[in-house]
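Chain naming follows the written order as A, B, C, D, E and F, and within any one chain the residues start at number 1.
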Amino acid sequence: MSKETVLTKADIRRCALRWMPMAVNTFSYQYQQAGTVVFALGPALRKIYTNDDEYVEALNNHFNYFNAHPWMANLVLGAALGIEDEGGIAAKEAVQGFKVALMGPMAGIGDSLIWVLYPTIMGSIAGSLALDGNITLTLIWLALNIAFMFVRVWMFQFGYESGTKLISVLGDKVAMLTETLSVLGLIVAGALIPSVVKITTPLTYTAGESVTEIQSILDQIFPFLLPVLATFVCYRLMKSNKVSISVLILIIVAISMVCAAFGILS
Amino acid sequence: MSKETVLTKADIRRCALRWMPMAVNTFSYQYQQAGTVVFALGPALRKIYTNDDEYVEALNNHFNYFNAHPWMANLVLGAALGIEDEGGIAAKEAVQGFKVALMGPMAGIGDSLIWVLYPTIMGSIAGSLALDGNITLTLIWLALNIAFMFVRVWMFQFGYESGTKLISVLGDKVAMLTETLSVLGLIVAGALIPSVVKITTPLTYTAGESVTEIQSILDQIFPFLLPVLATFVCYRLMKSNKVSISVLILIIVAISMVCAAFGILS
Amino acid sequence: MSKETVLTKADIRRCALRWMPMAVNTFSYQYQQAGTVVFALGPALRKIYTNDDEYVEALNNHFNYFNAHPWMANLVLGAALGIEDEGGIAAKEAVQGFKVALMGPMAGIGDSLIWVLYPTIMGSIAGSLALDGNITLTLIWLALNIAFMFVRVWMFQFGYESGTKLISVLGDKVAMLTETLSVLGLIVAGALIPSVVKITTPLTYTAGESVTEIQSILDQIFPFLLPVLATFVCYRLMKSNKVSISVLILIIVAISMVCAAFGILS
Amino acid sequence: MELSIVQSILLIVLAGLVPVDKYGMTFGLRWPVITSVFAGLIVGDMPTALYIGGTLQLMSLGIASVGGSSVPEYGVGVVVAVAIAATSGGGVEAGLAIGIPVAMLMVQFDVIAKLSCGALVQHAQKLANEKNFSGMYRTLLCGPVLSFLTAAIPMAIAVFVGGDMVNAVLNALPAWFTGGLTVASKMLPVVGVALLLTYMPANKFFAAVMLGFVLVAYFSMSMLGVAIVGAIVCLVYWGYCADKNAASANSTVMGELEDE
Amino acid sequence: MELSIVQSILLIVLAGLVPVDKYGMTFGLRWPVITSVFAGLIVGDMPTALYIGGTLQLMSLGIASVGGSSVPEYGVGVVVAVAIAATSGGGVEAGLAIGIPVAMLMVQFDVIAKLSCGALVQHAQKLANEKNFSGMYRTLLCGPVLSFLTAAIPMAIAVFVGGDMVNAVLNALPAWFTGGLTVASKMLPVVGVALLLTYMPANKFFAAVMLGFVLVAYFSMSMLGVAIVGAIVCLVYWGYCADKNAASANSTVMGELEDE
Amino acid sequence: MELSIVQSILLIVLAGLVPVDKYGMTFGLRWPVITSVFAGLIVGDMPTALYIGGTLQLMSLGIASVGGSSVPEYGVGVVVAVAIAATSGGGVEAGLAIGIPVAMLMVQFDVIAKLSCGALVQHAQKLANEKNFSGMYRTLLCGPVLSFLTAAIPMAIAVFVGGDMVNAVLNALPAWFTGGLTVASKMLPVVGVALLLTYMPANKFFAAVMLGFVLVAYFSMSMLGVAIVGAIVCLVYWGYCADKNAASANSTVMGELEDE
């Protein structure tokens, strides 16, 4: 399974530097960060796959839904690249399983620490000082951000090395790894339903003085009923191939507008 | 395994109409709704089993403990009948496993929605209006109940069709289905112990000003200790065949009266 | 596997009477109650293993970390002795697995009931009465403690008999028992990390008026991060055999003092 | 006002139908305000009946028999209260003063009916095993009759002997009897659960029983949640069994090959 | 004071870079106080800029785009507010009066950009399959351009047409449009999740999907907790597969022995 | 009043027995009110002793050494307090003023004793491996002696040198020393847990370790709950192993058949 790796340190760094400025900038609801993943890893994959067809296959693999905190993603993408460099197209499923399995946890850690905690600490002080015309902490904050860029490049490289090691250790058990990771990925996917699909209804049922919230009735029937139903319907539609994803998204936007207009969803 | 089904639409409807008025009307602590289950399915089973011995065997199977919300039970019993019509006496265990596995969830959903939510909404308004001599909503409520009767008949039929489909799809894996459902049934049974056996003691231990509740000591030793012990003792007694169930029930009633008289249980 | 048992009732009682006064009196952080376990069971083990080497092997087995509530331990140690008497040195792993698996639960039950509940009830009354010069309940308490000593001796014997029965029933499945118990033991070990290793930091980060607690940041990154890290580091060091346990303990004490001096840990 | 004999009988029948309907068809008599319409039609005083029905309806919101538990039966209380209000001079107050205690007493009567039903169904099963199927059906049909009587008897006393008599009877019941039946209604579900365990492979899958227990005792999970977790376990176990079957089929094939 | 054409363009570019940087390099423009330094340099009034930056920074504490959600973009609000404050006579108040609504409006623009990006990336994938790789890269590079425009356009209106115009546009947007986009931003993540399920063996391991759901829906577990539980399941499954492989390897060996 | 030499020695012995009994026989000296009876007998002033015992008993409710933690030892405090109260003119107040700090100081002494016991038991194990079994027993018997000394030494100082001296020593202890020992008492349990992991198959069953951790860290489960969940896992694993053994036994049989 494992073969000569072809990527150099410079290749890895180049991937990191293509990833970082683009990260969420191609974000869409169906691909999420996949566009940027392709953009960032593309040249490195080209080096791994000299054969055009394998290259396209690998690209298509990376066009699959991916979303993590853009800083923490460096670790995951680095490792995925390592697995791919070591395992080649045969490791395609392992690469995908690996990315899906880790993206959820990385999003959780990154969002709470880097998107919430870090700017809350820096911002509360820098903001207060700025009101008094003091710019010091703002500049320090800026400098810290720049310093972190170097850390992020290093994280990508660290990920790459861990990935190659992982695969060379596993040997011919990559198929087993793939299946196992897909189990983890599916657990994460199941957990995403109630945590990212936030569909609730503000409808109430008023009778005399008593007001009943429809949402609480739904919660009694089944927790997170609306997100589960929505996921199920979308999943069925996609599987059936009867409706393209773009059309599906337009339908959802249309439904959202109608439901918002009539106060059915919020 | 699967064979020609013999029941007609009219047979199913008849079962539903025998079930609905009788449902909890034969409720006893050892059989719960089983009496009515037998009463309702009896004629249909007779058609399935022309052989007397098989018929008796099937009846005995349905004399086993069953309890669900009487409206939601239509789905479960319909499906069980479907499985039985498709699988015959060989599916006996599957039928039983299926009923036990689904009765708990159906009771939970039905009790909260149909016994609590529905009459709370209707009753709070209808009651308020009635105090002013206004009868409108009361009559609407009555009409709704009647409309639901038709829905309940339909649920029975829907259940039946789902049941037959299930079995014809499974083919020779019915034994596996039985075992798997019995696992689900046992999980439900374990969950029933702390949720339906509500034995607690009101005893307290007063010393000076400090009052210690014996129940909280028991909770520290083991959560739901009394229900667990009671279940264990009853289970052992039944397994040992040393005491008949009727006697056991009398003993429990006697213990209840003594313990109530002395304030030991509440 | 199972063989003639050699211990008499008197041997068992002797073990109990050696265990009880010594129990936690040889407590150390690495062995916990293991010293006393060896002290208590030693003579009985000598009878089981006439061969010196097996005896030493058995002693070394009992020198492994053990900790339970000293009263409840009677049950566990009695049963372990029973397993050992029945299974001999071949049951060594089973004995160890059994002790580890049960020590956690026994500590939990004993600590809450015997160390907290019992003296709270007795002490609150006896203490109040003593303030008025009334000694009655204090003497009753003393008498109760003495009565319990007999119960504890009986518990040890009861444990022994259960242990021998267990092993003679299992026959040649002792290896399977060992492995299964080690799974339970490891679950308990995992649970011990967050429940007995209580490392937290009181550090705060003050900026303007806002105070950030470092501990809450750590909790966001990973719950019980410090205990997990400490366990991991210690585990690695021990596995590597690069540092002796005594040295490790000294290092921890030194770290504690330094960290306490600088307010890093609390 | 005096009730005619027809009115009396109609009221007794109406009261008796309350538990029968509650436990079966759910036409709606379990809900006081609906029952009051019929009681009002019988005594010919709809405003009073509706007022009593509305009052008891609001009083009983949220009360429901769940898992075979026995609860006060305000639907019966309505019929009693309407009858008393119509006949005694005391009006609505007098009606409620008797109706509510009767509703409460239904808890004890309900326990007794359910205990008796045990014997009934047991007998039905015996008949089934003797292949006396029509006897079995007839026996089971006594169930609703029992339900009917639990309410019809106190109603008959109220109508024919008078409300004061009902109250006298109520007060005469010893505490250990009423309290004992209440405790019994909480303890008796244990019979069903234990029975359930005896005819399922509880020994082989004891871990499943423990899992269900832990989910409720430690995580206070709802039955629906338990069912979802149970489904997860079943899917896993199903997959495991399928694997095992496939493997042993494999060996069998090999075994058979050898034989040839 | 009037803004020179260069200043205007610089401000528009700065505003446009806010989302680009927020979604990518994270130089820091997503945080108002940092952006205000640059806005201050451009208009040449650092004290006012810092004051506005500090105000909006404190106002936006804790707000972050998580899981692809769209949130008010106070970094853009800062640039607008600084520009208005510098040009209109109204000072800081006038600046914030326009800057804050614009920041809020970014929610809607962000949804539109993310919807458009869907088409972009889809097109890029098509090009990839046609082996037009440089076309693919070019297409993807339009992503940041879109991000840029979401902020640059309202900024350009504010700078060239004036703050009042911005407000007029804001008020003209119908409620079903803005509200609808807000609802859409909450519903659309369902597409990604469903897609995820389609290209993984969701049928075979449906129990895994349910487990993840239960952990969050019933136990409100964090994603990290889910990952730990997931790791436990994986280790167990890995061990099981290894056992199974070993066993079947065994049988295979035996089978092969036979063949000889 | 002066204490006779016999009284002094008896008091020292009584104090020393407090930890020995607490950690072993549990006659009851860990509970102040019981200890006070004996202290009262020795100094011959039962009312004062009981008063001190009752006071400290109520003060110490709920305090217990759990999982090897070190807690204030009010049983020792009682003996000190009774002795001081009897000898100094200050009465009960003077007694408690010294007794309570000494009780607190026992936390530190306890840590030191447990650290030393580590060396003791290690030595005992060494002797065991050298087959010097009586040496091993003798070494282990030093454990209770250590326990004894942790209380007897401060008591001796209090009795022979006087309460003020005790206070002076207490105040002289540096904060890093007492605080450090407190921190150490919380950190040191890590040694035991890590050791536990080293001699069990932690690698093979790492999922089990994680499961135990998750149950406590995420669900705050009690040890009893962990044990129940653990039992579930064990039953499942036991079933799995039994299946596996049966299957491989099967293949073996087939393999053997072939050989014939």
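Miscellaneous remarks
Please note the rule applied: contacts are C-beta pairs under 8 Å (C-beta built on N, C-alpha and C of every residue); 3 or more make two chains touch, one makes a residue touch a chain.
Values in this document were obtained by computation on a predicted structure and should not be read as measured data.
Of the two chain pairs considered here, D-F and A-E, the higher C-beta contact count falls to A-E.
Two copies of one sequence, subunit B and subunit C, touch each other mainly through non-matching residues, since under half of the numbers at the interface are common to both.
Per-chain Cα centroids separate subunit B from subunit F by 52 Å.
Put simply, the C-alpha centre of subunit B and that of subunit D have 11 angstrom between them.
A separation of 56 Å divides the Cα centre of subunit E from that of subunit F.
Those residues of subunit B in touch with two or more other chains are numbered 109, 124, 128-129.
Residue positions 210-211, 213-214, 218-219, 221, 224, 229, 231, 233, 247, 251, 254, 258 of subunit D each touch two or more of the other chains.
On the subunit B side of its complex with subunit D, the touching residues are 20-32, 34-36, 38-39, 42, 46, 52, 56, 59-60, 63-65, 67, 70-71, 96-97, 100-101, 104-105, 107-109, 111, 115-116, 119-120, 122-124, 126-131, 133, 135, 138-139, 141-142, 145-146, 148-149, 176, 179-199, 223-224, 227-228, 230-231, 234-235, 238-239, 245-246, 248-249, 252-253, 255-261, 265-266. On the subunit E side of its complex with subunit D, the touching residues are 204, 206-207, 210-211, 213-214, 218-219, 244, 247-248, 251, 254-255, 258. Interface residues of subunit B, counted against subunit A in their complex, comprise 109, 112-113, 117, 121, 124-125, 128-129. Those residues of subunit A that touch subunit B in the complex are listed here as 205, 207-208, 210, 212, 217, 220-221. Subunit D contributes residues 219, 221, 225, 228-229, 231-233, 235-236, 239, 243, 247, 250-251, 254, 257-258 to its touches with subunit E in the complex.
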